[in-house]
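What follows is a set of structures to go through.
Shared between the two complexes below is chain A, which pairs with chain B and chain C, respectively.
Let's look at the complex of A and B:
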């Protein structure tokens, strides 16, 4: 039987995890951890309940910097009015995760640290240049979020380490982002392909862009080549399509129940240009504020 | 492990196994069997309850994680006047066939109406997307939710 340790402080949590390395895992929302322990995917002796640790939740904005506590619930991200304006990809990714019940329980930190290649939060945070803040027995450290992921179900965190928060860049103007995904079902499904894009503009010209992918590589993937293609352009559809081809070339999907590798690569080449175009329309102010992107990215003028 | 929590307005103090889920605490310790044991993986929503007014799947919540919080189950929705608007609307719309998903559906609708008193049909369907029904085809459940919203707004207006 699994035992539960409830630490009063972060130091106590880290100390316990370090002392029981390999036998203790953290639990917060529980939506992944309890499924894993039930199916035998993990068999810890201890669960370390982080859910009531103070100071690890919450959405804070300081200028262009977003600080997102690791215990922030996915539902809180989805409903945050400031994020709905400034980090649309993050909100759109939150909206399609699980169900209302799952989003009410699941945390941003859990979605990242579970290491699921199809998870929604990683690509959406990667396109906002997120940095992961980590605490362990050796003290605190910060790494670019991309360096957190080590492979399916694995992170680079040491057994004593915890993700405490994310810092991300969320500009208030001349910037836009978008998250699209392909699934078989509309809800309670994992992404067959997840695509996040962000664009910053001067006038209508792209000055900076990011594309990140889920479920098409062992880890969430930031695609540098796609980015270089679109900078300096007004993102016409042929340029967006070229970025899509580069993203498809950069990923390394597997074939499984959610699609074959070839199909996934094809979907990447379709969803990346759609996500980039919507992000650009948002950055230039041509996409009305508050209008969500259709989950597959297909829209007509009438939708706007 | 000793836990203290409030369920449907009553305070409980119990000694529980640390890995006991809230679902099993409600059903086996308190005897509140309205909350259903379905998939045990968070997919079906039959075990939905409110914790501090928010909907959660009680099969993925450890009882010991709910310390000092307030839980509302389907049994806790009834008012002094009888069934509440959501429960009554499920009855009058025939929004149940086998009935196994009904408590979870009712609690999920309750959660929606508390945050959004006049939802659209699309919002009802979205908020019930984590509750599976294998009999009805959902239409009568959606009808019931919309009728419950109207009934509650009307009741509030009159009050």
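Let's look at the complex of A and C:
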């Protein structure tokens, strides 16, 4: 049997987790934790219910800085009008996560801290330079989001530590992003490959870019080499393709029931250029606002 | 008897909601898992973790000592006999286990948690044996022998299905075009929402009652008696409402025997409910089948022959899946007019979960091969595939090489409808630059029963009580497919009463007359004819009494909307129920009740697989439109146009629902559903990974009902239950071929397979006989 502890404050939560290190795990939306406890993938003695803690939810914008509380529901990200303009990759990633019911319960923090290599939120936040804010018995600390992930199902958080919020960079103009993925089904599926890209431009020239991948390495992967390739260019197809090849070389997928390693690497080389091109078209204003990335990946620039 | 035109029908042909729909949508219906009874114990099964192992010893002492445990059984402490075709199976395995999930021991305890804890305390020593998972490897001499205890089994071949008609080699020699290739169908699951469940209870006097959502109840009862040494007169089988089956619950399985043995040992009622994981791992699957097929035609597009080498992957034991070739064979020999055919099929044991009966039963698999080759052949001949199909389409009056007598047949009309609606002539072959394509597939399937047993009959009783309520007691069962409503409509039509006056009782073997069971899309046809005959006989009794009251001979009377009236003078009429009371409430009165048994005029196939197995055959055609992402191999199903020859739609809404549901399942088979297995272990036995399509994956489906009014069907109806699932894998494969130029070789056409075919340039293998060899 599992007992549930409902803390009133963050300090109480952290204190309890620290005291019951290894035997207590936090639960927010519960969409992963409850499945894990039921299938025996984890067997905690205590669940620490974070869902009523104050101050850990919400989407706030301060200039170019987005603050996203760890308890923010995925559905709230999906429906946020400001994020729909400024952080399209994040919204596109939210839209394809589970079902409406799952998204209404699941939280951003939970999606990150579960450590699933195929999770949607990590790549979408990585391309927005997210920083994770963490609290534990030792106080508060901030780390680049990429440093949160330790391996499949594992993070670098101590047993007493909680992710409280994310800070991310979301420019209001001359920036664009995109999230694409390969799945077996068209909904309710885990990514076989997930790709997020963001681009910032001056005029049409790329000044900054990020590419992040899901499901093709033990952890969500930020691909530095791919971004260096595209900076300073007008992101023509050849350059985007080259970035795709670099991303494919940087990842280390496995073969499983969702596809072979070779296939996944090839899909990375296909989806990275697409995501970069769409992000660039969005940054330069060539992509009509509100138009989603084509779910089938098939579009021609004449369609725009 | 031929049915009248639709305009004269009062109930049949109207769109009616299912009778049980209000109970189902409000959650009031009680499925087997909702049943409560005092003293009920929960059972659980210990399953083999090894794909192939010898059982050296089983120690259950610790499990027996656990408080709350009431029975622990295994092969060493129960009486059980072999079951399955060829007696190759035992409920609890004694000598060997043959797949991961095989039943080894079972527990009954006061609650589920205790039962599961007790399983962990059972100690089984295994000697692990080499296992074989690939049916082609299982055929090799060096392969492990899975049923070494059965002297008749050589080289892991469970059975063969070989067929010859005409001279294939001579036909091939004069063919203008021949296509050949491999086509594979995977292991898939029926995946009903209600998992398998059974409750067994013995009365103090030893009478056994079993509650089970099985759909061949009378055979189930006999199988229980045979395997467990029980008196079958002393067994009642009650079928609670079925929460989905799709064939998976057709007949008996190990866990049914185990529940009864547990109840016998514990002297208490016992329930066994499969978990979702067990449902995937331990209940029957759709038989994977591999076809190497050749089809040839002359220069004018007349089919000359089909030649098939088939390996059917049986899994560990023979269940219904071993007979999926029965239907697959009929598609190879009889889909279109094929003057010469040859089939060599081996059904091969492997160390995997074994095949059962799933909707379509071998036909989606065979149609995937046969209908892809129709389009490949048309392309090789430079013909339009629809023209090739129409040229060779089965027609009324045909007798196929297996002796199937084609009576009503709307195949050509179905083809013409989907051709027109999909814009086939304008669009096929023109959308490759947009990665879009159209593909078609047709089907033939039994639609008037299937004689696989001594009788293919069904009994019916119709009684009318003093209130005028009509009760149909049917041998056949409702699985959620809407047959209960269709049967009630047939009775209401025949008796001239409103549908609301008709009740259907069909769930208890003590009450209902014998029936083979629900399978082969036979219920509307066979049980419908039985119900119609009983209703007509009850009506005639009633008319005889009404004649006395109305002072007119019975032949001049008719019943409409519950009133008996003189046909020529409709104002001379009496209430239907009054005639019943008149007959009943008097000295020497009688009840209005009639029985009927309908066994269709069909033949058992002989040893060479010839015989008119069904009294009618269903036909239909689908066109699928897809969009393929050549970069990822992802396929989006955009549209599905369907036309089905249903004979007559008893309830058009229900027919459309069956076709839509079947098509959605077929789309799932085509694109995503598979029990992916590594070394005999199903990788992810859950709905998340299995790949059943969601509402987002199911496209717009257009349904056309073609009514050919079958001469033997009730009001002209033919079976439609399985039909929708048959064409989609083939139609979608053909559409992918049109969109990309590649030729799919296996389903599900998951993205990485499509990508691999695109990258490797997988093409049709065309042999142009008159112009030498051309590989592409």
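Just so it is clear, the second predicted complex is superposed on the first by the 299 of 304 C-alpha atoms of A that agree within 3 Å, B and C clash if a C-alpha of one lies under 4 Å from a C-alpha of the other, contacts with A are read in each partner's own complex, and residues count from 1 in each chain.
Here is the rule we go by: a residue touches a chain if its C-beta (ideal position, glycine included) is under 8 Å from a C-beta of that chain, and two chains touch if they have at least 3 such contacts.
In this text the structure is predicted, and so the values were computed from the model without any measurement.
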- Task: Tell me which partner A:4 touches in the superposition: chain B (first), chain C (second), both or neither.
- Result: first
- Task: Scan A:16 for contacts with chain B and chain C and give back first, second, both or neither.
- Result: neither
- Task: Using the superposition on chain A described above, determine whether A:187 touches chain B (first), chain C (second), both, or neither.
- Result: both
- Query: Given the touch rule stated above, what does A:266 touch, chain B (first), chain C (second), both, or neither?
  - Reply: second
- Task: Could you tell me if A:274 is touching chain B, chain C, both of them or neither one (first, second, both, neither)?
- Result: second
- Task: Classify the contacts of A:105 with the two partner chains as first (chain B alone), second (chain C alone), both, or neither.
- Result: first
- Just chain B (first), just chain C (second), both, or neither: which does A:256 touch? second
- Residues of chain A contacting chain B in one complex and chain C in the other: 186-188
- Message: Quick check on the complex: what are the chain A residues that touch chain C?
- Response: 182-190, 192-193, 256-260, 263, 266-267, 270-271, 274, 295-298
- Task: Please name which positions on chain B make contact with chain A in the complex.
- Result: 1, 17-19, 21, 40-43, 45, 48, 54-57, 59-62, 64-65, 67, 108, 111-112, 126-127, 129-131
- Write out the stretch or stretches of chain C touching chain A in their complex. 434-435, 627, 629-634, 636, 671-672, 676, 678, 683-684, 688-689, 691, 693-697, 750-752, 755-756, 759
- Taking the complex as given, what residues does chain A use to touch chain B? 1-4, 6, 27, 29-31, 34-35, 38-39, 47, 49, 51-52, 75, 98-102, 104-105, 186-188
